[in-house]
């Protein structure tokens, strides 16, 4: 990257006349209008290298004012090639403009579905790809609640502050905290109270690594190296996971014995698979209730899912609104508890792994089972829903399971047989 | 303020003989009894200006020991006039001794109710004004749980540490954190992980503003300038909101283009009105259950509300105890989720606006609807409550709605007509 | 401790030839394998005093590789006698290898039960003592979720980083944060936003004390001095509590007037007893449901408790998994809400005492009462459970209460009499 920057700098010095702030036509007016931006640019490496306002913002002032001249990633790319290419390879760069999920989360994705996300011939995803949770938001909530973070996918200034070029800012783990925090992925919080994070604060970055040490080694912008699962926490197949794991063990080996690092990460893998099993148990309960028509309300009696219509959705496109109490509990399990358990284990944080993660996961399973018990009794008593106690209903539920692929033809025949046997 | 302090300093220097710690009669004994207080005072601007113990604490030692010589705001006011006047104008100074809420939250407040809060001729509120949540506390919980923060309304040392005068302490955003944190208003937490807060940590106060930069510009003690809603998040009428908004845009303009600042704040306004609508939907569900006699327990079958008696309360005097499950859910929505959404949006924190705020708001609405569905089915089956399925009950519920003003006379007649029609 | 270290240092200097890193046989290989460990040791007081690898790790490399040469507390003890003895006296040293709870939490503990935790003649507890919550964990979750923190009971390097001897690290309150945080005991979080913690950050350790100031005065390793309750928050009997309180008031007196400190701590005591009463009310509701066979599921219809079998457990061995919704609510009350209220009060944090503590405690009681109401109605309607409405069931419940000691013989007779009277 240093080379790319230097090249750009030299080029700029040759081509453009070296500008002082005063020579820049925007400065007089903007010193008054946006004083911080001007002061920050004036202290920046850009100013020193003669990179002025127009170079990034263009010269069409009306377009800028209308908000149509956003300084997206492609504006920075020509000068910052290496960073741009690394970023494209990473999860930061591969995503969608407005939220994760999308086709990546859909089952049976086909090659020709690429067009769903990409312009033909363009590896960068389109910015208007759909995400169910984003589609349910008001434009305002979408802007602040979704795009403030997911802008990282198309804008360098998500991390690099707009006009300052001081790398101290982006090398501070604080700059990651803006997005990597909160109930769904509290990496910031769990690092802070981990051995790594506490040593970082008390004894410096050499003793305790920060986000950048492990996830951006040697300043790479491919923040996804060494990661062995997708953003929903689903493990990669071995062919993809194994080389990634080797990369991560290599990173850990800057401080630790490789065997120790491997063991610690493999413990994380086991915590992950155990937690996935708890999640699956809960998911199975909910689908069974759906097969029996016992959710309250059923998907057909509530606002439709924006991508899947009047059907139950528990995959990465799951909603937290216009749903039922038991699905709401499952949303928390999946998006909050599971993420905290797994990320807590990989980040070596006991409290996030156990109390904020595993304990919540198991307590939510208790609540899901209790609610399922209530919904089944409710069904039996016909409280506003059609009675479900009879063999006919059991047969209907089995057919639903078969139709959605939860039972094979063989298993379906066998289970149906059992019910018919009992009917005699 | 500087002028006021200087005047006081000069006055003190003229009137009192300049004291060293040794000349102060309390010092010998208190060096042993309260060593920190003595050391802090000795290093303070007060000591340097000859302001000794008696000036603030008085000379009646017995009274001090009995805790009857509290150094309230009026003790500081004569020397710190400007700060005192600004504080009085702010929300910090206008409140009650023991909690917000009170008559300000009651509907139809009349002019002559001023006496409820104020001594005649005194703009400062009385300290014994009632707050329902405070009234439910034990004296001990009231002291630590309520008054530790709400003491700001009558005591400068809530923020200014008791004997140190070093302004570094109160200029540190940390000093605001003691109260402006937690589930009901996590301003501290949301600032820390906002762009403003993270830049403040990594690049200093010039790059990233802190609490004081925006809420106490030029050192004012009127912390409420630029705020456009009351402490419960209810928007001010335009006549009050518009000048406040201008003040805030002016503050933002120290760094940002005014048009940008305005747009960002208006996005917050829209998030606020959208969130209020979600809140209202939930509130309506609960009042409807109350009209139908379906809350479990009903207000008349549980300890009475300390201000409103055996009636449902969902306004700012709402309780979180001695209530029903569905009201408890609403309390969380109103006090926690709504506050986090709205304050998160104004503080530009994506995770607080969306995950901690909006998502919780919508998930709680899911749970409230589920619980309402259960309570209605329970009513229909007469499970310990009187049956509610018949037209007679519908008429009763309509009358309740009319009585509490939720239906106009016209609407009431129309709805009643519909039910009577169906009865034929 | 300084004397002990010096003695050890002198001894080492006399006995062993003074080693440089180069003279140490492990160094060449481990500079490559575990570079951080080597670098940290090289900068340590141990290296300066000639304490090499073998002194702590032994010389059996195979054993080390197999993980059988852990550097437990007894390896450090011979040189660090004072610290070791103080640690043994403290809660940090008295515990079990894998979690609190255990026999200490069981009622009616007998002298000869000591063998349950201790080898005969050894005051240190055995490392394999049972804890119900630990027994329910996978080995991996037990390692990271339990032992990462509870290793403090047997390993100095829980707090002291493994190869660095710089005391700055352990004197930083950050080093306590690794374990003393999270939903069950957020001492780190509540200190940070307390007056003590905020002053510490803005004005230094002299103005605002940290963990070590109050809990490790004069560098003692007995972190339990001045504590008046057990780790579950149950108050000690007066004979044990009174001298402890005197110790704590003495610690506070380094800054505060003793009378003030005493008053503040006594307020904490009152908050504690009031909160215990709320907890007891909830516990009583759950036991009553159990007596009436109304829990869903009942303990006999779910995986058995690993220590108590098919019985309801609400003491310190209570589980958060394989339980019922109402017990799960009680677990949160007991382990999270109660702990936050009480520790919040003693640490002078208004938000943890009131909002995170007391308000949650009372809201969970609302939910427990609501769920109890639902379970009772469910029982009356025989929804999958045996009907409980009749006098016979009341007699059965009374017998259960008598059998578990909740009613004395006299009370039992009296209550039984009342029911029989009604039957006539």
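Going by the order they are written in, the chains are A, B and C; count residues from 1 in each one.
Convention: contacts are C-beta pairs under 8 Å (C-beta built on N, C-alpha and C of every residue); 3 or more make two chains touch, one makes a residue touch a chain.
Keep in mind that what you see is a predicted model, and the values were worked out from it rather than measured.
Where chain A touches chain B, under half of the residue numbers in use are shared by the two copies, so each contributes mostly different positions. Superposition angle, chain A onto chain C, using Cα atoms only: 120 degrees, a multiple of 5 between 0 and 180.
In whole angstrom, the spacing between the mean C-alpha positions of chain A and chain B is 34. The multi-chain contact residues of chain C, meaning those touching 2 or more other chains, are 374, 381. Residues 33-37, 39-40, 137-138, 140-141, 143-146, 148-149, 161, 164, 166, 168-169, 172, 174-175, 177-179, 181-184, 188, 296-297, 320-325, 327-328, 331-332, 374, 378, 381, 383-384 of chain A touch chain B in their complex. Of all residues in chain B, those touching chain A in their complex are 192-195, 198-199, 201-203, 206-207, 254-258, 260, 267, 270-271, 274, 344-345, 348, 350-356, 358-359, 362-363, 365-367, 370-371, 373-374, 377, 380-381.
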